[in-house]
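Per-chain numbering from 1; labels A, B, C, D and E assigned in written order.
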Amino acid sequence: MLPELFFAYFAVTIVLFSIFVVTARNPVHSVLWMLLLFFHIAGLYLFLNAEFIAAIQIIIYAGAILVLYLFVVFLLNLREELKIYRFIGGWPSGLTFGIALLAVIILSIRSFIAAPPGKYSINLIREETHTKALAKLLYTDYLFPFEIISVILLVAIVGVIVLAKRRLKT
Amino acid sequence: MNLQFPDLTPVMPELFMTALALILLCTELLVKKKGILAALSILGVVVVAYTLIGSSGTTFGGMFVSDGYSTFFKVIFFVNAILSVLISIKYIAIERVNFGEYYSLILISTLGMMIMASAADLIVLYLGLELMALSTYVLAGFIRYDIKSNEAALKYFLLGAFSSAFLLYGISMIYGLTGTTDIKSIALYISEKGLTENPALSLSMILFAVAFGFKIAAVPFHMWAPDAYEGAPTSITAFMSVGPKAAGFAVLGRVFMIAFASIKLEWVAVFIPLSILSMAVGNIVAIAQTNIKRMLAYSSIAHAGYALLGIIAANNEGLASMMSYLMIYAFMNIGAFAVVIMLRSEDFKGDSISDYEGLSRAHPLLAALMLIFMFSLTGIPPTAGFMAKLYVFMSAINAGYTWLVVVAVVFAVISAYFYLRIIMYMYMREPKVEVSLSTSPSLGLALGVTTVAVLAIGVFPLYLVELARAAISGF
Amino acid sequence: MKLYLLIPFLPLAAFVINILFGRTLIRDKAHWVSCPTIIGSLVVSVITLIDVINGKIINEDLYTWVVSEKFIVSIGFLIDQLTAVMLIVVTGVGSLIFIYSIGYMHGDKGYYRYFAYLSLFVFFMLMLVMGNNFLVLYLGWEGVGLCSYFLIGFWFEKKSASDAGKKAFITCRFGDFGFALGVILIFLTFGTLHYVPVFDEVKGVAGQTINILGWEVDLITLIALLLFAGAVGKSAQIPLHVWLPDAMEGPTPVSALIHAATMVTAGVFMVARCNPIFNLSEVAMLTVAVIGAVTSLFAATIAIFQNDIKRIIAYSTISHLGMMFAACGVGAYAAGIFHLYTHGFFKALLFLAAGSVIHAAHHNDIQRMGGLKKYQPITYITMLIAALSAGGIPGLAGFFSKDEIIWSTFASGSPVGTLVWILMIAIAFFTPFYSFRMIFLTFHGKFRGTHEEEHHLHESPPVMTIPLMLLAAGALGAGWVGIPTILGGGAHIAHFLEPVLGHPELHGTHAQEFGVMGLSTTIALSGIVIAAILYLIKTYLPLRLAQGFSGIYRVVFNKYYVDELYNLTIVKPGLWIADSFIERFTDAKIIEGIVNGVPRSIGRFAGILRKVQTGITQHYAIIMAAGVFILIVLILW
Amino acid sequence: MVPLNWYMLLSAVVFTIGVTGFLMRRNIIIMLMSIELMLNGVNINLVALSHYLQDMRGQILTFFVISVAAAEAAIGLAIIIALFRNKATAHVDEVQEMKG
Amino acid sequence: MNNLPYPILSTIIFLPVIGVLVLLIISRSQETLLKWVALIFAVATFLLSLPLFINFDKSTFKMQFVERHDWIPAWNIKYYLGVDGISVFLVLLTTLSTVLCVLISWHAIKIKVKEFYIAILLTCGAIAGVFCSLDFILFYIFWEAMLIPMYLIIGVWGGPNRIYATIKFILYTLVGSVLLLVGIIFLYLYGGTSDILELMERTYPYTMQLWLFWAFFAAFAIKVPMFPVHTWLPDAHTEAPTAGSVILAAILIKMGAYGFLRFSLPFFPEATKSMVPAMLTLSVIAIIYAGLVCLAQKDLKRLIAYSSVSHMGFITMGIFALNSQGIEGGILQMINHGVVTGALFMCVGIIYDRTHSRQIADHQGLSIPMPVFAAFAMVFTLAAIGLPGTNGFIGEFLTILGGFTANKLVGVLAATGVIIGAGYMLWLYQRLFFMRIHEKVVGLPDMDLREIVTLTPLLILVFWIGVYPVPFLDFMHPSVQHLLERVNVAGGMQEMNIARTLMEVIR
């Protein structure tokens, strides 16, 4: 019963925070709701025996990405923001399709059949520790994607420099 | 614990490409003349292309596969990269964004495409796609003082991220269903466990279709394309109207033909409306355009619809026709963009259709080339565009979709209206403004290559056809 | 040596030479090319005639013209008795008219052109009569029509002339339409178009029917009627007679040759030529007889009130052609051909004489003439002979042929024959009446034109008067070859033509024959007398009569309003349909409406569709999401 | 034990909230955050599946997704800044130079 | 097989293309040189094509002067050329027209001279290709490739409303040809080859025949053009430069009729038979309808364009009469129409060069200043109304004969077209050449030597075919017989099949 209760707590808060994120008038508030949301998601990951993921969820998402957002939000003109309407024209149709999408997704995952369990049982992971198990995989089987990620990050660096550089050279 | 060093032969081109991009990033700091960077990148791509030879095989535990299929697409990507670089050199100088990163980003984006084409695992696929997409976002916004370029990048980025989220959701779904992300294993699992009726599988398939449909700019996931194409630097428009589209088709072919092989009927039913809508919207809305880049964007949407016919045929011949189509499209489309770029000079935008009025009077050769490209895009022989269409129509009819081909040809007629309008402006109107061309040897080279290719493939398509068939034979 | 080939090809050569070099080299010496050639043709024709009299019938193919599977047609010639007679008429009358033209057309700027056309006409006319199959006949048929078109519109700068030419051609085309269909039907029935096999087999198909639009129609009747349609057009019978009076816009020698002596008689010739076909169909014969007789009377009545000298003769021609058809219609083909032959002389003479008058007076209106006999004695006498001959005064050529016809109709014994006979008798009155009205108004009394006009009056040069005199001789004596047996003659021509045309069954006694002859002569004489009373003695009467019967007068004077009727029912509606309905409505509105409307609506649709692209990213995303939703719904449900 | 479906439901809800947010909000930054929400929805799904399938792949993918999300966020924000320099707005419906 | 020392058909097709390459390297300022080079290549092509006429074996229906090479082996598509009695004259007509088009444009074209001659040569080469191709895909490539230069010819050098006309022309024809493409691909996939002769030997299911018949019909009917898809032609003709009109009239629209003969009939005999009533009806409507429209025209070229529609009605009627006379008449009429209407357009061009007006009302009494020209025009006018002795008669008579044999009403109605034809043509001639001289035409120079040289070959053909058509008809007999056998035999088999199925049903 306890796990269910835990889950219920997390689920409810996650959904609520998500809604707050997308509805908050003030972007700063949105970011802050987001922060809370990420913590809760990280909690959920812990609950699912994914300590490492939970950790990077907090470190990268909450620590890095959200801070970046916050910076940018402050960069922009907030006072103006608070005066105007937060939704675009025609938002009801957006809402409709969002809900409709939710409905069809739920309807189609009702009959979801999960694949049979693999070798990484909870015990195995506990034995090896989660981080190590993940790291081993990353550096062996998933070496190639891991390398790609490095290039992606490089692109991000180069791209940000190109786009956000202040002075024009020529 | 098994720490065997992976076999790097199949992945050699990608490695070289990465190295090339990095070298370019470094040399940018050293050399003043940006032309050298361009030359270097072209040479580098040629070298990379050379490493393609003998690179076949599977590696990284089956995550990466280099086969005929991927090789063919990589050739398209290289063609795309080289031609894009060729048409860029003068152009980015005119636009005053002559930075070395430009070439590196093109190469990295090409790298992303190559990874996509070779991806045998959904994770690799996703990462390749993101690699390609992120660099293209940056490239689209490369003229950062230009609001249009910003806007193009913004829209492309927002919608691109939106669509890749759908892709991820699809991947997660199929992962849950099959417990694997390996494309071949997915196929095996689905057919073994009889998952074909499961709606979750269909959902996942649709989400894939959405994400790939976005990359190939198929209606209704095309909405980004006109704005992004119009706003992006013209050379990048050329680049991204071919490269990401081809890459999208590459993964489309691989994922759907292999992973979703057992629910062919369903995904064909998805792509038929996409194809029809793409042809319809692309061709019809293009009529109403006044900006040539935007017109070509809609044309690109329509061409995605035609190439989709090859996918809809859902057999090897169909894939081969789709591949030939993309190869030909690469030539003719970049050729057309090369002409567009030539009209751009320091103080003249040259991207409005009315700028082409009377072009044949002052610049007969350029007009003649544009004429060839326009007829090729329409699909009138003896240009390559006809052979491209012929091949996809043939495969579609062979697969029993005659009615669909009838629809396609009707839209081809509609397309003639706006392509020929360009020719009409060039040849049948009197010039209103003095157009001075910004010629350069590289641009000339690009035009020469594309023209020769368009005509040669139009008259002798056999090599391309045989190549495509050979490429697909081991699929 | 096929000598007879020279007959048509000499004139053709003249045409080619004149048309190629006429403008630059020959100019006003064109007659030196044309006249010798036609005289040459005449000579050869005479030789041929002698051969034919001696029993040498020619039926030869020159070369194969058209081949398509079973449809094999040659250019070939058939020269038999009928052809021989026609050859003499064509080349004989033709020669005289050619010579006459030298004087008449002297100084015209289209002199070479005139002779070229005339030669071409003779060529086609000869092809028409000499052909041994229907297609060659058709070739000549259309060819003479063409030359008629050229020559009517010779003075093309005059709108009325070019209009008349066009009218002639197109009106004839209506007839040719039927003729062509007839020819096609003949081919489909007999598998050939050559006369001999067709006429040999024609009995075999008697009684066969053919399904036309669900009606079973007698095949032979249909063929005969279709062929006759062509004859109606070419020979200006009701209802296609309207072109001939207008054709008088052409030079007068042309009217003499084409619209009197030769071309217009082609219809009669054709009917006579096809007598084996016509004989087998009572309906067709009846039609021919009735149309001929009615036309004859109809035209004669119109002729009475005309004031244009050439139009009078033109209506007279129509009337005489009608008589010929009436003769054919009762089976008396020989009589018809005989009349054709004599008519060729006297009618050509009438025209040429009229031409001589016009040459002097420079206009056609007899009301503005009068008293010309003292200026133009030769013309007067020759024309008088012609009129007497036409009027059927005993002893002259016209009398014998006309009498032959009247007798044949009377003696045919059928109700139709009797009806036709009654009409013929009426015509026997009208013909001399209008002829002499014309002569009296022209030559007698006082000159009614201006003084200056009077000053110009003179007799024509010898080059014109000599042909007149020669023709007058013909009008006098040409008929003597056909003096009927009861008058002690041999009826040579009828016997001569019998192998081709057969012999009509006549039921009548000699007494009856004399009676009929006497009746018609009396009536003819009375016609002359009444004309003399009205136009010589009591010259105020005609005007009073016209006022008294103004209704009838107006109708007849206006040629029964046939032209107006056609204009109103065919030409105007045709043009209206073409212009207002088809061109402006069907083509421009319906078809073009669709053709332009579809692209336009696509364009409009494009304009609407592009509005979907609002430029707002969320809207794009909404459409994407909608797409996802719809796809899922589509696939899963 | 919490059933897998619950997680999937939660994931679907978070994902679609992200979608809805993306579809409705004018502010570009919040749109970006909506995308992050979508990715997080997917991540929940992946981690849960990974747990239930006893397979590490899901978590590895999650790891990559987070990395990519970081890169994406960086580039996205850079684009916003570039845009902001040319046109001082963060509202997507004011960025419509091109349409039609 | 080809027993000439050179591949004659390839030469005919590609010598103009070589000419184009030569033209490309000549500077555009040397206009005279450009013209002469174009003329030399056109004449050379024509002369080299003459052996087709001389060396043709008239005793066989088989393809002659055959050239066959692999082209796209992957698709089993060959470069396969050959002519038979149906196509040989069309090829010759094409090469002749090329020469005449170059000549007639000598002074008329003043802008973009180089491009013009390039376009002319390309068009003619491509059209020759259409008539020679024995491979479906090759055929289609030529069929479409011709559009590119033609689009320019009308659009660049045409009259004031040329853009509308040229776009209409190309879209109209494209609509038809894309359906043809679908049909071709379908046939190709069904038969596994694109070899026309090989495909011709097969029999196809009836339903398939029907579908394909209509697909092919779309392309051919528009090209012909048959009612009611004829409206592009008047516009295209009216706006095109003289040479363009000549190409359109003389050869381009023959492609449609040729397509019917070469493909629709032998490939889909049963469908053809069942569609004969419809086809004949459309043909007759075209004859009368277009004839009537001619009566309402005020524009010279437009009138002749509509007369073209009317005449093409005779051709399609002949073809779908499905008998020897009809088809041979149709083929002959194709040549005749090419000669006559081509010549008439040249005549219009000669007038237009002098007065720069196409309005009928602007010209009157032309025969006074231009007597020689009037004579030439007269001959062509007469040929157009089918006067015996001219070529028009033979063709029209044979087609009407064929039509009448097939269906009496059709024959009768078609024959009325002859009356209407005489009406509008003579009226036109009257309005142009007769009556009081219009001030605009006073003192116009008569035809010069070049113009006479241009028209004389056509004049000769008018009389040659009119007086002695047998040499021409002889070319066609075996091929037409073979074609008819194919149509009829196949029809028999169809009946047998129906009978068999009926038997099975009963059983």
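Everything that follows uses one rule, which is that a residue touches a chain if its C-beta (ideal position, glycine included) is under 8 Å from a C-beta of that chain, and two chains touch if they have at least 3 such contacts.
Since the structure is predicted, the reported quantities are computational estimates derived from the model, not experimental observations.
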Set of chains whose contacts include both chain D and chain B: A, C
Middle chain, criterion being Cα centroid separation: E
Chain pair that, of all pairs, has the most C-beta pairs in contact: A-D
Distance from the mean Cα position of chain E to that of chain C, given in whole angstrom: 37
Centroid distance [mean C-alpha coordinates] between chain B and chain A, Å: 30
Centroid distance [mean C-alpha coordinates] between chain E and chain D, Å: 64
Separation of chain A from chain D, taking each centre as the mean of its C-alpha atoms, in whole Å: 6
Where chain E touches two or more other chains at once, by residue number: 171
Multi-partner residues of chain C (each touching 2 or more other chains): 599, 610, 613, 615-619, 621-622, 625-626, 628, 632, 636
Shared interface positions of chain A, touching two or more other chains: 88-89, 91, 94, 97-98, 101, 104-105, 107-109, 112, 114-116, 118, 142, 145, 149, 152, 155-156, 159, 163
Chain-to-chain touches, reported pairwise for every pair that qualifies: A-B, A-C, A-D, B-C, B-D, B-E, C-D, C-E
In the complex with chain B, residue positions of chain A that touch it: 104-105, 107-116, 118, 136, 140-145, 148-149, 151-152, 154-156, 158-159, 161-163, 165, 168-170
Chain C partner contacts - residues on chain A that touch it in the complex: 88-91, 93-94, 97-98, 100-101, 104-105, 107-108
Of all residues in chain C, those that touch chain A in their complex: 616, 618-619, 621-622, 625-626, 628-629, 632-633, 636
Chain B residues touching chain C - in the complex, by the definition given at the top: 154-155, 158-159, 162-163, 166, 199, 202-203, 205-207, 209-210, 214, 219-221, 223-224, 226-227, 266, 269-270, 273, 281, 284-289, 414, 417
Chain D - residues contacting chain B, complex: 4, 8, 11, 15, 18-19, 22, 28, 31-32, 35, 38-39, 41-42, 45-46, 49, 53, 55, 57-58, 60-61, 64-65, 68, 71-72, 75-76, 79-80, 82-83, 85-87, 92, 95-100
